[in-house]
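Both complexes below contain chain A, partnered by chain B and then by chain C.
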Partner chain A sequence: MTLGDLYLISPELSLASLALLLLLLDLVVSRKGFLAALAVVGLVVPLVLSVALWLGLDSTGPEPVNTGVLANTLLVDKFSLFFKFLVIGTVAVIFLMSGEYARKFQRFQTEYYALVLLSATGMMLLASTIEMISIYISLELSALPLAALAAFRRDSRSSESGMKLLVLSGVSSALLLYGMVLVYGFTGSTMLSDVAVKLDGVVFSGGQPFGSYALLLGIVLMVAGFGFKITAAPFQMWAPDVYEGAPTPVTAFLSVASKAAGFAVVLRVFYVAFPAEALSLQWATVFAALAVLSMTVGNLVAIVQTNIKRMLAYSTIAHAGYLLIGVAAVAARAPAGSGDAGPSGVLFYLGGFAVMNLAAFSAVIAISNRTGSDLIESLAGMGRRAPVLAGVLAFALVSLTGVPPTVGFMAKVYIFGAAVNAGLAWLAIVGVVNSVVSAYYYLRVVKAMYMSPALSDEPLAPEPPLRIALLGTAAAVLLFGIYPKWLLDLALTAAQALHLS
Partner chain B sequence: MNLESFLIVGAAIFAIGLYGVLSKRNAVTVLMGLELMFNAVNISAVAMSRYIVPARIGSAGEMLPQLLTGQVFAIFIITVAAAEVALGVAIVIAIYRNRETVFVTDVNEMRR
Partner chain C sequence: MISELWVWLILLLPLGSFALIGLIIRPFLARHSKLAGQVTVGAIGASFLLSLWALGSTIADGARAETWSSYKWLSVGNLEIDVGILLDPLTALMLVVVTGVSLLVQIYSTGYMKGDPGYARYFAFMSLFTGSMAGLVIASNIVQLYIFWELVGLCSFLLIGFWYERPAAAAAAKKAFIITRLGDFGFLLAILYLFLNADSIPGNPLDISNLTNQLPLAIGAGTVAASVATWAGLGIFAGAVGKSGQFPLHTWLPDAMEGPTPVSALIHAATMVAAGVFLVARFFDLFASSEVVMSTVAAVGGFTALFAATMGLVNNDIKRVLAYSTVSQLGYMMFALGIGAYGPAVFHLFTHAFFKALLFLGAGSVSHASGTFDMRYMGGLRKVMPWTYHTFLLGALSLCGIFPLAGFWSKDEILAHGLSSASIGQVVVWLPIVAAALTILYTVRAISMTFEGEFRGGADAAEDAQPHGGGVHLAESPPVMVAPLVILAAATILGGWLINPTTGLGVIEKHWLAHFLNTKGADVNLPLAVISTVLSAALFLAAHHLFTKRAATARRLSERLSPAHMLLSRKYYLDHLYEDVVTVRGFYGGAARLLDWADKAVVDGVVRMIDRFGRNIGRAIALLQTGQLQGYGVAISVGVLAMVGIYLFF
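Then we have the complex of A and B:
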């Protein structure tokens, strides 16, 4: 452990310190609004440090240099830094949108901000880990504060949602751990790269590696464990209840940042530890099956929902399905050749999904802060009562459907393109059909806002920070839809780093 | 004693824990089932570490201390599981204050 190591994990350290600083100041500062502002401004520190690390990787030469930290359990490369940017950005938007909502927590609002920051620290670590014990620790660091946050409102729905999240994330952790231990038992190491070396020349006797099903069982259990985190069907059953009962900003955080971190670790684990051709074909098939299931279940069940948070939960499950198409495409091409297209598509999709889902959630929060209801029918007439809000929500939903000129369209183009290139054209077709189905329930919300008569004529305006979040995310949806090159270059660079690790 | 016995015990306890989580009504019992699953993993991890990890030989041919990765893994799991249960019990108390019940079958407000 040297000072250099500390610098390499400084984004996580500064984020955790910010959380502790907020808790400390909470004891002496009585104006909680000041602390909320400090939480947003304080995010500049980890952001600047992450940018500095990214530029530092550039300056050491033409090839990106990956640097291991803390006995090589963490790896600071552009892949992990991409996710650090994503998580910090998401937290910033979440904080901007929670102002009015968090004031309802009264004297506990600083704890709310601190828990979000601690969970974000876990997610950032998760993107960096290359060793199984630290994967588990980071996963729990990101999941436990989320369970506390889901139960934060302490009414009966919120605590029900917290309980469900805690128990099911516990079960998924146990499955994941059992899988990790089986893999560890066969390879004698918890380092992902050592696992890959050990499995490289793996002998298949009787059709199975090492002549036993145990290693495959371990990999399947790990898929199941991660499947819970990324809300892939058939491990999705917790998501709708948790999303509906949790405070809305927490729901947004769960659906964007938690999922992005989950995909980061899935890509890292399966790309680094199990690239052996015979194995990767097997888990590619598993991910393709999960993708089809998630898309179909998510989209079909979303159609009948009356609560918009619940509908967005099923929509999140469907989007996990689209993302898994990208993961399956990576696997189908790995390890030979230019397998970079797959991961870069997944990264671009995660970035795009983050902005469009956050735009949708900002609008939902702004509306439910005033109407006090999450039902789709309470959105009636919003086109006239709140033209900007309704416009942003409609635009975000159109983007989630995947219609140009939005980022949702570009993201789907790259993901489905990667699938076709990897010889999984049938998977891309299932994805396109599912996108068409999804148009029905997304546009139903738009119809309620513009075609149904309003319940009252009172105009409805969000407070300034929420307005910044709304317009900022909506602008990003449009910008990345028209000019995706910047985000795509970032995703490509990050995906290449994964290839080198 | 051989590795298989430990792994069989681990797998059996894991299955019992999973059954407990899925079938019990009382939220506290569900948390106990969760604990069983984690402890089953601990048994397997330590057994794997004891029996499978190869001996390390130094450059001069001397024996080096065995790597204790599995044992370290178990200690981390025990620590995190303790934190998880503390949070779980806190949430169970919040549920009890709201509804005067700890039966998970009654906690289904959003499934109707």
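Then we have the complex of A and C:
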């Protein structure tokens, strides 16, 4: 380990240091508002460091130089940096929307910010790891604080949700670990690239899928373990309960950052360790099946929800399904030359999903801060009571449905396009049909806001930081919807790095 | 050399003015709505100066086409949709016409619209229109062009229906929007056709300079089927027919006169309706590679020239007479393009923009005094408003093609070209020639009814006085309205021979405009010019005598021809056909009822079924969500087993 190594992991180090600094200052500073502000401002450091790393990769020439760190367990490339930007950005928005909400916690306000930062550190590491044991550790680092955060409201629902998250994430970690063990047993290495080398010659033979039942079971167990993280059906059952019970900013964090980190590691593991053509065609089929199941379950069950947080939980499950379409669109299926549309589509979708989902959550928090209710019916008449809030929420929901000129539309175009290129037109059709179904419950909220009579006439306005989060995310939804090139280029370069690692 | 940014500013300044008025002045500074007019005039004035610069720079550059592809907007497959600028002589010329006429109209409007409650809204729309029109003209990509094309259509709708509280204006706006939409649909089909045939078209099939350079070459060389040019050309021409009010989609333009008069002058005479002609000129090389398209354009144009002129003969509304005249003159331009006379067509577009704007603004000035547009209640205004009268007369003489006014030069060139053309022009040319005679008749009739004789009461006598004008006050219009008339009159006197002289004029070379447009300048056909001038002048004087001194004879004449008069005043029953037969009986009575049934029974039925089905399944799955941790663990295990199962059994 050298100083250079330290620089390469400086975004994670600075984020963790920020968490520790906040905890220390909490002992001496009595104005908690100052600490909340420091938490937001402090994010500039890891952001600047990540940008510097990205530019550093640029300056070494057109081919990114992949730099392994800490005995080659971590890799700093544009793929991992893309996720670092995404996580830092999400955390910033989460903090902006937390202010008023966090003041309601009688105790441990600063711990709330520190735990989010620690979990984010885990997620950033998760995007960088290229070795299975590190993957496992990073996963745990990101998951454990989340369980504590989910229980933060300390009422019965919140405690229940923290408990459920803890137990089920334990179960899924166990499955993941079993899977890794089996893969290690078969290949003799925990390094993803070594696994790929060992498996290169494996062909589908003798009726044994994946070349061996051990490997089959290993991969399936790993899919199950990651499936929990990305809320893919049938590993999604924790999500609605936890989303409903957890503090709303934590729900937003879970649905955006945690899921993005999950997809980062899924892409990394499957595209780096198991890229062999015969293999990839098979795991792609598994992901395709999970995609169909997630989309359908998510959308159909969302229709009958009455609580908007629960509805957004099911919507998140459905979006995991759309994202899995991109994972399933492997290069092996695509015609030559149209390479990595799948992963870049996933990255673009994650970016788009982050802004639109955060916009929706910002609005939901702003409203429920005042009304004290998460029920869809309590949104009635918001179009008149809070025109800006209702407008942003409606716009975010329209984007989640996938209607132009929003980023949701562009994201779906790219991901469905990747599926069609990869010969998975049927999967794209399932996705489109599901998008239509989703319009039902998204627009039901819009209808409640604009067409139902208001419960009271009292106007309602969010506090300034929340307003920044609201308008910033809404502007991004529109901007990336009209001019997607910038985000798309970022996603394309990041996805390219995946193939070079 | 002008640079990219400045050209963009030509379009961005008016759009900025639109945003400023719409977002700041109208909501927050309602008491200072005068600002709206000033901002608009300022922005468009700056645009005009930049347009002059663009023109100068194009001239200095040897009339070369300059392209900038500024942004890559979208890429679909291998197809890229750029947003950029195409600055060629045609663009530069159109920019000057659009911003120049617009500037004068805005100045005039600050007087004409004074005191109107929608003052700020009016200027917001006018700014948006001017910006959109500039955007249409500079577009380097057919999709970009289409976007602005629709935007000017929207502005036209908004401005025709500016006094939306009047049912006639609202109906006219709707009519204009719907009928031009029919043509626009053809344009859209052409774009889709190009899009779908991307593989057979060399280069980017949406790039305008590619479509007008490489594609015609490839068709000429036989590597691309000529049918590509035919289908694409016909579709684009359909768009032009709608926008330029050519037969059979002309019916909206006379009704569009319900809008404020400056709007009629700018949009429905000088610029937007000429956009159809511009579109054909823009894709001229593509059109020229298909005989079918060229013949269609010539035939439609020639026919419209005559057809519209006949209806102009019997109308009593001064603006509608001018509207029919506009349709007819646009027909001339289309005819010219169809017979390959690109230079004369653009020349006529240029001159017509000025003298027709002059005529419309003159009509506005007249109604300012008389409070009506109905010529039956005017008369005798010659003495009251000498400035208006004389400038109007100049515009009218130019329209009639009297030497040496602008209209003479351009119209004569078109007719000379038609007579000497070898193609379909030989046959069709007689239609515009007859139309030229009719033009003189309806113009003289309008002048006589408006300016000669005794005043017949104006708004006080008319049963349905126009809401604008606020009654009769017989006086010359304010200077802010007269000044644009004078400037336009000057352009009408000078514009023709100065920019396209038949002999060298020192600094200005012979056939300057034709050379600028990279076409061959035609020498003046002296015998033809003399004959046409003499005939026109004679007819003008005779008609003047008939309508002024022998008004009774004229009335008797029209009574004797009453069946024809009826046919013309009923507009050949085409409105009846479109509205009563096709729309009410065919569409509402037949198709709409059928679709309504299908919508309720089939579509709604299916949707309701899916709704019930989806909700029930959703409820059923939700039942699994028991809240019991053990259950969730079981689900995970079942999921793992199922995945293994998929592999073992499939």
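Methods note: the second predicted complex is superposed on the first by the 484 of 501 C-alpha atoms of A that agree within 3 Å, B and C clash if a C-alpha of one lies under 4 Å from a C-alpha of the other, contacts with A are read in each partner's own complex, and residues count from 1 in each chain.
Methods note: a residue touches a chain if its C-beta (ideal position, glycine included) is under 8 Å from a C-beta of that chain, and two chains touch if they have at least 3 such contacts.
All figures in this text were calculated on a predicted structure; none of them were measured in a lab.
Peer 1: Of the two partner chains, chain B (first) and chain C (second), which one does A:302 touch, if any: first, second, both, or neither?
Peer 2: Once the two structures are laid over each other on A, A:302 reaches chain C alone.
Peer 1: Let me test your reading of the model: by the given contact rule, A:20 touches which partner, first (chain B), second (chain C), both or neither?
Peer 2: Touch partners of A:20: none, neither chain B nor chain C.
Peer 1: Please indicate which partner A:451 is in contact with in the superposed arrangement: first for chain B, second for chain C, both, or neither.
Peer 2: Touch partners of A:451: none, neither chain B nor chain C.
Peer 1: So in the superposed three-chain picture, is A:162 touching just chain B, just chain C, both, or none of them (first/second/both/neither)?
Peer 2: First partner only, chain B.
Peer 1: Given the touch rule stated above, what does A:475 touch, chain B (first), chain C (second), both, or neither?
Peer 2: neither
Peer 1: Looking at the overlay, what does A:437 touch: chain B (first), chain C (second), both, or neither?
Peer 2: The answer is second: A:437 touches chain C but not chain B.
Peer 1: Please indicate which partner A:425 is in contact with in the superposed arrangement: first for chain B, second for chain C, both, or neither.
Peer 2: A:425: touches no partner chain.
Peer 1: Looking at A:197 after the superposition, I want to know if it touches chain B, chain C, both of them or none. Which is it: first, second, both, neither?
Peer 2: Neither chain B nor chain C is touched by A:197.
Peer 1: Would you sort A:241 into first (chain B), second (chain C), both or neither based on which partner it touches?
Peer 2: In the superposition, A:241 touches chain B and chain C alike.
Peer 1: Taking the two structures together, which residues of chain A meet both chain B and chain C?
Peer 2: Shared contact residues on chain A: 163, 167, 171, 240-241.
Peer 1: How about chain A: which of its residues touch chain B in the complex?
Peer 2: These residues of chain A touch chain B: 132-133, 136-137, 140, 144, 147-148, 151, 154-157, 159-163, 166-167, 170-171, 173-174, 177-178, 180-182, 184-186, 188-190, 240-241, 244-245, 310.
Peer 1: Can you tell me which positions in chain C touch chain A when the two form their complex?
Peer 2: Residues of chain C touching chain A: 72-73, 611, 614-615, 617-619, 621-622, 624-625, 627, 629, 631-633, 635-636, 638-640, 642-644, 646-648.
Peer 1: Which of the residues in chain B end up touching chain A in this complex?
Peer 2: It is residues 14, 17-18, 21, 27, 30-31, 34, 37-38, 40-41, 44-45, 48, 52-54, 69-70, 72-73, 76-77, 80, 83-84, 87-88, 90-92, 94-95, 98-99, 104, 107-111 of chain B that touch chain A.
Peer 1: Going by the contact rule at the top, pick out the chain A residues touching chain C in the complex.
Peer 2: Within the complex, chain A contacts chain C at residues 163-164, 167-168, 171-172, 175, 209-210, 216-217, 220-221, 223-224, 227-228, 233-235, 237-238, 240-241, 282, 285-286, 289, 297, 300-304, 437, 440, 483, 485.
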